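Next up: the structures, one after another.
Two complexes follow with chain A in common, the first pairing it with chain B and the second with chain C.
Let's look at the complex of A and B:
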């Protein structure tokens, strides 16, 4: 009890119990993933009993490895394809929406602002069911890659708006006004003064949309049409309880590596791109991560 | 002079997209829920005009929601799982966020990176990791048997409520810690010093200063993870796959992926959405208020 009181007595001291809880949590949150990655190198069919090291599930096995199994490869390709298309469509739409909502002072701005916030709080299954029903009964959009992209863009736009708008609010309208005073047209002021200031936010949006798309399961599954349009999360969902081999672990590990590498790289570019602006490192990290939720 | 349509035209494509692919689809759920059924093709027929709505599906869902009936049991179970998981997340998450915000110094950068790593590892990958650990010959069973807690391997993946709650806590706790950390990090240290200077004991300072100041953060973060938990069906399918633990999301998913009773599924979606509307509007209110404050402070 005295030790508890001591921890509270000096709130700026080093409370060992809290520190221990924090480090235990970190180990608990990351160790299972590391173990799963380790088992992708298992020299046997088991995903839970270690049978020695091998690379058979990565590329050695001519039929069942990630490199050679068409189902696994297909899922990886579909995941990356959707992520690319999602980034390509959602980021321009979101940037435009953010700029419009920040500068537009009319009757329409407020309802659109609320509409933009709704996808962030709607449980994914509700969104997936709505898209499923509207494509089925009203728009006659066939399920498959197109439907998957339409669905992913719909939930990605709002994240882009939030990131870009945060940047817009901190930039303020002064730079464009200066450009206008110096004789630029509205479009010229936007292109020459505002857009370059938004590049770091645009870049952060690209990364967040990439991660959202790669990670998405519910909407992508509802919009999918059989094996052809399976993504990695869908494949994991369908085979993890069954006869999956460590090749599934290898595929999932590959996704983790791709994501972490691109995020790490992006973070470095982000810092480089915003080097002129005072952005603290943890601030940028928070910005990117908080929006992932 | 900037023309009146100049700025709205930037918003137009995005706004149009959201109307076509978010607003109208939401109405499609209502139209199907209150629609009829084509007996020949055995497909649902949505009714778009509210004046012609049929209430048979909704009535069957509502009767299933009476205490003791099928949907009621699933619904109560869902609320129970979410409540327990949320409590678990707060129990783990608050101390971690508190330590990061208040005490971590040299290790803070590393801890923040470790905290964010789960965000970039696919949720399904994290569930796959637990399946490996919870298999009959997995690490969890072997460790428990070595220690002597159990004598034979337990079937953790066959309808165990405890496994489902564990997986939910594991899956969602990172999304709770980060916003909590942001809230606690923003608390002005001079306020805490004032609490101490005015003679408050450390515990009283915590209870009367830190806790009230982080109340909104706790609620917002809880809503943020409770909403997706209520719609979650994949965690349950992967970790349990048994009707004994099925949640409302599983029930909805069943109507769309398996069966043909879309109208009943759509009615269930409406009921769930209305139930969650309270939580959603609270979160929206906080977000709008926060962004208004940011605008004010910048002006």
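Let's look at the complex of A and C:
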């Protein structure tokens, strides 16, 4: 008994109690995901009773597998399409905004800095309803892909601004000044000195925006226009209580895999882009961690 | 004619309510090593940034070789800067960092290679072309920053505390090296520092700044030997300032009254009458046994003996209440003074300097810079 106690609470040894708590949490949080993935390989139609291994819900079944069911495939395509468009639009805009906000020292800069946090703290359902109202009555944006992208971009930009601004503040103005001093025009100084220093933050932003977009349910649902613009989360929500097959699990698993792959890729690119930048090497990654949590 | 003369005419820069640079006039000759010296917030860095073009002046002129640059953006000025933080581009290797300016000037590829190689050799960094700034030591980074500016052959090089981030030993070595490079290239150096020793060691001339104004411009010897204001006397690391009543000239010296004692001061504003300060360098103060007598002697008591290796510092409280520091080389000839000994302090007339009376605000600034009995002066005196 005493030995167990000493192993666990030895003040000179490893903090094993903390380790134990960490692992308990990991198991608790990952177990449902792993079980969901497992059942995508179920041989029967059940999503709760194991009936043997099979790949029928992935591609074997000619009608109901992820590969062949047009509804499932369409949802996955729509999810990826929205994520791609969101990344393409929100990241450049956010980078520009962040640079403007840090370099612009006017009277408006401070309130705008705080207003940038607004989409982060507003309940998403409130945001979605408001966007629905203005899109419908004020701007006449047609619902569907356009409205979905616009809605996602609206809240994604805040994250990009926060990530990039953190990097900008740690970089400081001296690199641009050095470039100007050595004969670069203002635009040249931005392109040759500042932008390369921002690459890690830009990649971090891309991945955060991707994750936000893939995950998003509320805004995307409000802006959708029927079956054609269903995304994976919407589809899962609608079918989960009905006649769902393990194909839905396969679809969800695909989402997990795609997200993990993109995070892994982003990490590698990030490592590559921030090599030999010892000053703030982990800054942007910490930002991701903070936001994702 | 040599290029690189810089003239600042009534140069002014406000930040909000504060005048960072308050109408300064400085004339820097071509090929000169000119230092701007002062405590933080005195306006020296702002002055440098005005010359570089990073700040826009609110008034006055910046003439480089007679041409007003005030409205020219930094990338079109024939001046280059070595930044305090070096600001080397971390994503570029040493070669690309140094070649950055040449590429912006559309120099031919073959010529770039030659010029970069030559300048890197001049700063003793031949063979480091492929390293990234992150893989270099502080001293090496400093040399790259210097090479990056020198390769453009500017007529004026601006240096903003370039040695500030280095350790003491490396600083000393690089001080001499910088001075040698400046002489070899014949470039005007405008050097900003808060380190009076650095300024005294390297400069042809120094401008001491305080509160956005220039206090005095002089050669290192002139600045050290003949400070014109209380601020300069104090900032250059000498704090033997005594408040006296001056009674005007009498036979080539000023008669001054310090408490119950009268002192003849042979230098400075000897014709002055009224309240003012006199100043004496610690190394000119002579400590004598209590029995000795003669003019310009004030009795005192040794309060503290500070051993500095090659030299020794005595802190003496005079009978008038003032604190005086004395510094002498330990060459074996001097007494070993003990704490608490009563002595006579000889303040030779030819070493006592009468300063012009100063405003109360100025004295407050002095008090901020150095407490009266700090040992900041010693390194200068000892070297």
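For this structure, a couple of remarks:
Methods note: the second predicted complex is superposed on the first by the 265 of 293 C-alpha atoms of A that agree within 3 Å, B and C clash if a C-alpha of one lies under 4 Å from a C-alpha of the other, contacts with A are read in each partner's own complex, and residues count from 1 in each chain.
Please note the rule applied: a contact is a pair of C-beta atoms (placed from the backbone, for glycine too) under 8 Å apart; a residue touches a chain by one contact, two chains touch by 3 or more.
This is a predicted model, so every value here is computed, not measured.
In the overlay built on the shared chain, the residue A:177 is in contact with chain C alone; chain B does not reach it. In the superposition on chain A, contact is made by A:100 with chain B only, not with chain C.
When the two complexes are overlaid on their common chain A, residue A:188 makes contact with chain C while staying clear of chain B.
Looking at the shared chain after the overlay, A:197 reaches chain C, while chain B stays out of its contact range. Residue by residue along chain A, chain B and chain C are tallied for touches, and B comes out ahead.
In the superposition on chain A, the residues of chain A contacted by chain B and by chain C overlap at 172, 186. Within the complex, the chain B residues that touch chain A are 2-4, 6-15, 17-19, 21-26, 28-29, 31-32, 44, 46, 92, 95-96, 98-100, 102-104, 108-109, 111-133, 135, 137-139, 157, 170, 173-175, 178-179, 182, 192, 196, 201-203, 205-206, 224-225, 227-228, 230-234, 237-238, 241, 249, 252-253, 256, 262, 265-266, 269, 272-273, 276, 280, 283-284, 287-288, 294-295, 298. Put simply, chain A touches chain C in their complex at residues 172, 174-175, 177-186, 188-189, 192-193, 196-197, 276-279.
Chain C meets chain A in the complex at residues 52-54, 73-75, 80-81, 83, 85, 87-91, 100-101, 104-105, 132-135, 148-149, 152.
Remark: chain A residues 5, 8-15, 18-19, 21-22, 25-26, 28-30, 32-33, 35-36, 39, 46-49, 92-94, 96-97, 99-101, 103-104, 106, 108-109, 112-127, 129-134, 137-138, 150-151, 153-154, 157, 161, 169-170, 172, 186, 211, 214-215, 217-218, 222, 232-233, 236-237, 240-241, 248-249, 252-253, 255-256, 259-260, 263, 281-282, 285-286, 288-290, 292-293 touch chain B in the complex.
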